[in-house]
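Here the chain labels run A, B, C and D in written order, and each chain numbers its own residues starting at 1.
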Amino acid sequence: MELKITAEEMTGFLDEVFPQVRGMFGIDRMDETLLVMRLFNDDKHLRPGGTVSGPAMFSLADVAAYVATLGFVGKESLAVTIHCSIDFMRKPVAGVDLLAEARVLKLGRALSVTDVLLFSEGTTQPVAHASLTYSIPPTRA
Amino acid sequence: MELKITAEEMTGFLDEVFPQVRGMFGIDRMDETLLVMRLFNDDKHLRPGGTVSGPAMFSLADVAAYVATLGFVGKESLAVTIHCSIDFMRKPVAGVDLLAEARVLKLGRALSVTDVLLFSEGTTQPVAHASLTYSIPPTRA
Amino acid sequence: MELKITAEEMTGFLDEVFPQVRGMFGIDRMDETLLVMRLFNDDKHLRPGGTVSGPAMFSLADVAAYVATLGFVGKESLAVTIHCSIDFMRKPVAGVDLLAEARVLKLGRALSVTDVLLFSEGTTQPVAHASLTYSIPPTRA
Amino acid sequence: MELKITAEEMTGFLDEVFPQVRGMFGIDRMDETLLVMRLFNDDKHLRPGGTVSGPAMFSLADVAAYVATLGFVGKESLAVTIHCSIDFMRKPVAGVDLLAEARVLKLGRALSVTDVLLFSEGTTQPVAHASLTYSIPPTRA
């Protein structure tokens, strides 16, 4: 599968459709096999103790799966999450960014399935593992 | 099972341990069979179009399962989410609060499993359905 | 929503499309709000110690969600499971049938979401809790 | 992490504790990073049309996660599945074995989390993706 959109175009598209999370996420890498997104370390997403909260981890997994899917579909589509299963496995490291590695396992006409692993930057053991299903609306002609 | 804590004590406890979400959630009902929590309608949690975002729905399901579990365990415990499966089924209604109905299906020594249905206030069809597993640390003597 | 098929028609339909599980499951109740299916106690589904195995519990949850969905869709549709999340919460009681209570939470044009609770017959604490998503193919004209 | 048991010992252990599935599964590869298990193609696990059924895919994912976990824990432990999330993404190829690639993402004192991808033999697109959590009982002294 080939990407239909670049990382720069995607960043502009995210800022446009989700202005409320502008500056919260960054795209580190975006190619046919892997998307890497970053949740910038920020007091707003923290639990007491300085680690990233569960909802912030969910947000990163969700946006990473969205971006990974739209990479192949293009920015004209309004995809919505229909399912997420997420395992929280380790406590994130305090004070560092959180990284998501997203891989699209299936891209059908109506649904995509994306595997996402979350890591605290600089570590190799995943802090969380998620699988997300997006519903992809039919392309308008 | 009997509750070990009242709704008022729980509200105070949440404010203390999660100051960053103070004022975001309310407890409508808390008894042995059902917990009802409310996510107050607020611009911060919204997607374009005014409906509640996926991460905000996840947050409500997560905190509802936490509160439902701690109701039976007491406020001394530091429970953490280890798993969440959530199905997003309908678009929330714009401009109204989101309600969570949480039921503890299992309360073991080390784990709880809680079923959560989310509704837009004033409607009867659930917008999302989640199951959350919490790890409950052993009580300190 | 109204049912499009009776329990008797459904039983005949299951025997026809899944002959390899004939006699394995029964329909105890089938109406607009609840489907109750039964996995007959049988040596084939057992773990050592005489309790029902995980795969047998999955099978019962899966067929219950299928039957609950087809009740509203009719027997002409070839629905397939696209997702299942299942929590195994308690050890089933040895030597008794397993019952599934299935409730369709969403019936869309393309997808259904069904909540399933599994019980050992004669007990009130669920042994497992599942949520299943079925893909419903468009009706052929 | 080092394995505490060889593939041969594991096969003998499975035959002993799950005699009812003897001959159903094989271990193709078992090392520190990856376990590959095989569900032998067999009429019993089939749907009409000759493809592997959902319950048979669940069984393979479940036993693969069990074996992958016990590889690091040793055969004295009685682990039980407490959660499985599985996405069924493609129709398995008829008439061939099904392979599971299992990777242990977390091995804690009380819980393991294992990622499993299922493939029809000879193909590269996964037919299903699962995440399984096992409860590991404390080692007896």
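One rule holds for everything that comes next: a residue touches a chain if its C-beta (ideal position, glycine included) is under 8 Å from a C-beta of that chain, and two chains touch if they have at least 3 such contacts.
Note that the structure is a prediction, hence the values are computed from the model and not measured.
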Labels of chains that are neighbours to chain C and to chain D: A, B
Of A-D and B-D, pair with higher C-beta contact tally: A-D
From chain C, the most remote chain by mean C-alpha position: A
Distance from chain D to chain B - Cα centre to Cα centre, in angstrom: 33
Chain centre separation (chain A, chain D; CA means) in Å: 28
Contacts with two or more other chains, residues of chain B listed in rising order: 82-83, 85, 87, 89, 133
Parts of chain C lying in touch with chain D, wherever the complex brings them together: 17-20, 43-44, 46-48, 54-56, 58-59, 62, 80-89
Chain C contact footprint on chain A (complex, rising order): 82-83, 85, 110-111, 133, 135
Chain C residues touching chain B - in the complex, by the definition given at the top: 85, 87, 89-90, 105-106, 113, 115, 117, 125-126, 129, 131, 133
